[in-house]
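Shared chain: chain A. Partners: chain B in the first complex, chain C in the second.
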Partner chain A sequence: MVVEALSVLRNLPARKKEEQAEPSMLLGGSRDLGLDTLKLAQDIYDQFTADPRYKEYVLGCLNCGECTTGCPAARFYDFSPREMLQVAMSNDPLVLLNAMHEKIWACCQCYTCNMRCRFGNDIAGIISVMRELAVKNGLDSAKEVLRPYTRILLKVMTGGTQVSPDMIQPDFFVDWGPDAVSKASDLKTLRKAIPIDVLQVTDSAWEVSMQTSLELFQIYQESGVIDMVRAVDPDLVEMITDIVDEWREEFEEMKEKYGVR
Partner chain B sequence: MSSPRILVVGGGPAGLSAAWDLAEAGANVVLVEEEGFLGGTPKKLHYSLIAPDLKPVQEVLDPLVRRVEQSGVEVMLNSEVASFKGSGDGFHVEVRRKGGSLESHVFDSVIAATGFAHWDPHKKYEYGYGVYPDVLDFKDFERMLSEDNLRRPSNGETPKRIAWLLCVGSRDKQVGKFYCCRMGCVVSIKQAMEVRQKHPEIDTYVYYMDIRTYGFWEDKVYWRSMEEFNVKFVRGRIGSINRGEDGRLVAMAEDTILQRPTEVPFDMLVLATGMEASRGTVEFAKLAGLELEEHGFIKPLQSDSLPVHTTVEGIFVAGTATGPKAIPDSVSEGSAAAMKALNFARRKAVAERQQTR
Partner chain C sequence: MGILSADQIREVVKARAENRSVSDKKVSDVREEMWTLHDRGELIVIPITPENKPVEVETLFGWKKRVPTDKLWHHKSCGQCGNIPGYPASLLWFMNQFKTTYLNEPHQTSCTAWNYHGSGTSNPVALAAVAVRNWYRAYETGTYPLIHCGTSYGDYKEMRKVLVENKEVRDKVREIMHHMGKELVIPEEIVHYSEWVHVKRDEIASMVKYELKDVVATVHEPCHYYKMVPEDAIYDSSVLGGQRPAPPTALLQKMGVNVADYSTWYDCCGFGFRHILTEREFTRSFATLRKIKPMVEEAHADVAITTDTGCVTTLDKSQWVGKVHGMDFLVPVLAEVQLAALAAGAHPYKIVQVHWHTSPVEKLMEKMGIDYQSYRKDFTEYLNQIKSGGKIEYLYDPHSEIEKYFAVNKGQVIVEEQALKRGE
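And then the complex of A and B:
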């Protein structure tokens, strides 16, 4: 496929020098089109279309726009689920890569588009496939977008599958509005105001046993999650691995102490 | 040789056309109709003008009804087929008149012209039908037009802006209606033209994903609506309806040409409700053992070359019982089914005579 794309490029009529420097029309003039970009685009496109979910999620499109009508992200960003589906259907690696740089991250994965789609497409699903590929391939844009989530990810992967209010840094979420920081300052008191019986904690959701944590880590490792995270944030993976290694030692000591094999 | 005895089920355009042709050809025709009048759904739901000539529905249907009434067809109103059994000597049919009395008949062949029903837009809750009184469907709006009573149901005022939303209950996997209703585009545009003709001060907007005014409807309806009536078209579907602060409807849609989400206030919204097989069609098919095709209509024996044959020998079908269709098409199919039913009855009579000889 890569070779094919390159041969197409070679067969293009010779262009003037200043035109050669011009970026591809497909990229909307926003990025340089080097051979590396073409190869990356083709690689990602091949992974995308080979994903078993691709055939299942992308069926066809009547371009009715009902998905975009219900989309909360479309109201605030230059983003449209209909456009993302068209991108997924476009058969053009460069169009796909271009959308993966920024647009796919505007989706809030609420699945309203799926609810609305009269063709039965899984639009939010195909967007999440694109996101996975952006992370797996370590796109710079993915690194940038995911930076605010580093601490959350650290907590989730070391403390079990839990996010608590204390972990979220309002400074990174400007779209939460100016009051987010002051409103989040006294979460303990606010929690007390919840009329139903809840665990009155803000720094964790519940305690996960060490054995469970180690097992979870093994699942992350074997399912490729660790590799995915490494592609965008190798430092984070190192940090997590250090913590888990310590646990493992501690766990082995405990087993020895209590005579468990 | 005695005249063939033929049953026509349904007194809409297709059934009327079939009954008239059969009577003219000398058959003994019984026409069974569940309503108390002839004319079918267009009459029952008080349709207004009929495209493309914008003729009032009476001018289209009344001549057909009159011909049937004058041609010696035995018309059974307020009646339905209660039991149905095919055997060697013909179809044994019991017809129940409203009130309970059963009449037994034997027929040589049968024509099902049992028609369609409009899809119920309550099932598409995001369009607000049944929630907001100013959201109407085809049958509500046709009636409003035919009674020349164009008012907002919410407050009785004349609307200033009306929107149409095409393909409600058609071309939609979510509600299990995969097919095009064929009529929604032309009827919506026709309605907008009617509105503009009577009330040039009202703005009319049609929200569409495709306009399918096939054949001569293209220039006679679609183009004309823009050239003469300034009907406006927005390419994109309304995805949800909200109530605005002033009590108007707010239509949320993506304009897929401008590629942006839009919110536009309207006084009224008309939902172009699609066509599905009528209750009568489904029940008669069950009684007579006719196969249905994948969309729930009666299955023609061969949809290309034998469109009015059913999967049961001697039973024929015409009109919207086999799928969405315009009135002229239904009338043509009525005649076609009449021919086939008559031929079948005659062939059967010849075969019987040869047997007894």
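And then the complex of A and C:
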């Protein structure tokens, strides 16, 4: 019955009864064919194929595998850019959704696959589109993957830089060795010893002016990124909004202080 | 399943590769359409002017590209500024030597593409608007953006293409810019700092003070420099037969460094964007096994040279943990501009800031003939001086307090007298 529901949604021929229990064509594992899943899969599939980048990035495939032979992620993960392209071309919402649960997050975004592809596919690009949709649709897998990444999102969405010197703490970067970590012990002095004024900070890669930070937030708001992030981490968005609200108040005070219009 | 007939197989293949007819699409030069849109008033191209003293180079398909060398706006890199501060410091040091005018401001965000490629938490409108906001700051100050990071460079070329080819994104970004009192601008060329270093290689090589022929260097070419938008990377038939990008090899050869090859030169470094931060078991395994190990065992490298933020970080920081598997390599990893600055006599600690690198640089400096111990003593004294509130040395005069908040100083670059002073 659920397969019939999918057929109505997508106008596709129903699979034969004996095929319904078979694993996915491209990806191992059984399918959760609940109606909610089917609806979600169809919604995401529609968003995916309606994105203007879909037609531009996915051009066809010879299955030559050149992309995968050069892929760094393929050496260490159950991942293949050839498979991702086949997923993109599969016309199957469930295959797409299945890949978006885990596999898309293995990609290193190095673009080696693109450079090697005879068809000129933008495989790294189409994986990015899938990631955007995983975030936008609040998939649990996206929440899981991005959980340890929250403090970085906070950093980039407020200050506009990705990393800061004070992030190199023993708890998080123990594998970088004692020399990397020990820098934290005398960080302020070492940062002051950099002969570039805007780099003499510890909580940001460089000092970003308040006007610039507020303009970045405005971009994130008007482009819909804040709403995207809210779908995976509403608490983070609340935190960011609180910080920005405080900055706005301070910014107005500074305008008065410096006589800036 | 029975055996399929030829017609059935043909149908299967046709169904699986139904879009094959578009595979002959040509790579177009987006710059031509960009100027057309400029003429139509859809956007403003930031031109390279004679004041920028451009130098012409060739890219992958033999297309011409002009690299501005003066009156520049430094588009900094988060990873460089956060973890490898000697990277931008070395570049600015060279610019001071050449009396180059520039602005290095707090009114810049990162491109945010490190985040995007790691997490997917952005979209083309946001990425393009971030790019335009930064470009606009260069435009309103009369300077030309010079992009320090390989990913920013790749991302900005992608955003240039999106803005030129996608009217919907272009209109939305223009609207956002207007809300901020800015215009939709795109630089005539997207220029990476390594391209500035490349066209300055003769002048840089003439400053080398140490014998470098015994220094073996392996080059790691950053993926986002030449794989992301391949047609815009610099190639030169006289450098590695034109089969690999010319920067930074051309500079190294010009300085007399022994550039050695290794089998995995084409591999990425293992950075992976999110991986370097939250999935480092992958990053460190790939960096050590696929990059550092071949560099050491095949090429006997004294130093690994690259031209991007993430690559220096990954290759440098990932080595220490290899000790647990008996891979005690600790090959120093530097940006080409850092090695050049060392060779040209810049202070290894005050300018090149080698103490931020996890894989020690001292052995390399010893081989180059640099008396690093006296420099280190000098730096230790300098740190004590800073701690006791003493004078701090700068490459340019620090910004005023008001610039912590506001992007003032429109239409000005650092005046010539100050540039001359910096060159002393």
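By our rule, the second predicted complex is superposed on the first by the 191 of 261 C-alpha atoms of A that agree within 3 Å, B and C clash if a C-alpha of one lies under 4 Å from a C-alpha of the other, contacts with A are read in each partner's own complex, and residues count from 1 in each chain.
Here is the rule we use: a residue touches a chain if its C-beta (ideal position, glycine included) is under 8 Å from a C-beta of that chain, and two chains touch if they have at least 3 such contacts.
All of these numbers come straight from a predicted model, not from anything done at the bench.
Visitor: Pick one for A:G120: touches chain B only (first), chain C only (second), both, or neither.
Guide: So A:G120 meets both chain B and chain C here.
Visitor: Regarding the shared-chain residue A:L139, is it in contact with chain B (first), chain C (second), both, or neither?
Guide: In the superposition, A:L139 touches no partner, neither chain B nor chain C.
Visitor: Regarding the shared-chain residue A:W176, is it in contact with chain B (first), chain C (second), both, or neither?
Guide: Only chain C is touched by A:W176; chain B is not.
Visitor: In the superposed arrangement, which partner chain does A:A41 touch: chain B (first), chain C (second), both, or neither?
Guide: neither
Visitor: After lining up the shared chain so the two structures overlap, which partner does A:Y77 touch, if you call chain B first and chain C second: first, second, both or neither?
Guide: second
Visitor: Counting residues of chain A touched by each partner, does chain B or chain C come out ahead?
Guide: Counting contacted residues of chain A, the larger count belongs to C.
Visitor: If you stack the two complexes on chain A, which partner ends up touching A:L62: first (chain B), second (chain C), both, or neither?
Guide: both
Visitor: Once the shared chain is lined up, is A:V87 touching chain B (first), chain C (second), both, or neither of them?
Guide: A:V87 contacts neither chain B nor chain C.
Visitor: Just which bits of chain A does chain B share with chain C as contact spots?
Guide: Of chain A, residues 62-63, 70, 75, 118-120 contact chain B in one complex and chain C in the other.
Visitor: Tell me, which parts of chain B touch chain A in their complex?
Guide: 126, 167, 171-174, 209-210, 236-240, 252-256, 259, 261
Visitor: Under the stated contact criterion, what part of chain C meets chain A in this complex?
Guide: By the definition above, chain C touches chain A via 16-20, 22-23, 25, 76-83, 85, 88-89, 92, 104-110, 112, 114-126, 129-130, 133, 154, 166, 168, 172, 175-176, 179-180, 223-224, 226-228, 230, 266-268, 270-275, 277-278, 280, 282, 284-286, 290, 317-318, 320-321, 349-351, 353, 355-356, 358, 360, 379, 382-383, 386-387, 392-396, 398-399, 402-408.
Visitor: Inside the complex, what are the residues of chain A that reach chain B?
Guide: 62-71, 74-75, 80, 82-83, 116-120
Visitor: Please output the residues of chain A touching chain C within their complex, sorted ascending.
Guide: 52-53, 58-63, 70, 72-73, 75-77, 89, 105, 108-112, 114-115, 118-120, 128, 130-132, 134-135, 142, 145-146, 148-149, 152-153, 156, 160-165, 167-168, 173, 175-177, 179-180, 183, 186, 189-200, 205-213, 215-216, 218-220, 222-225, 228-229, 232, 251, 254, 258, 260
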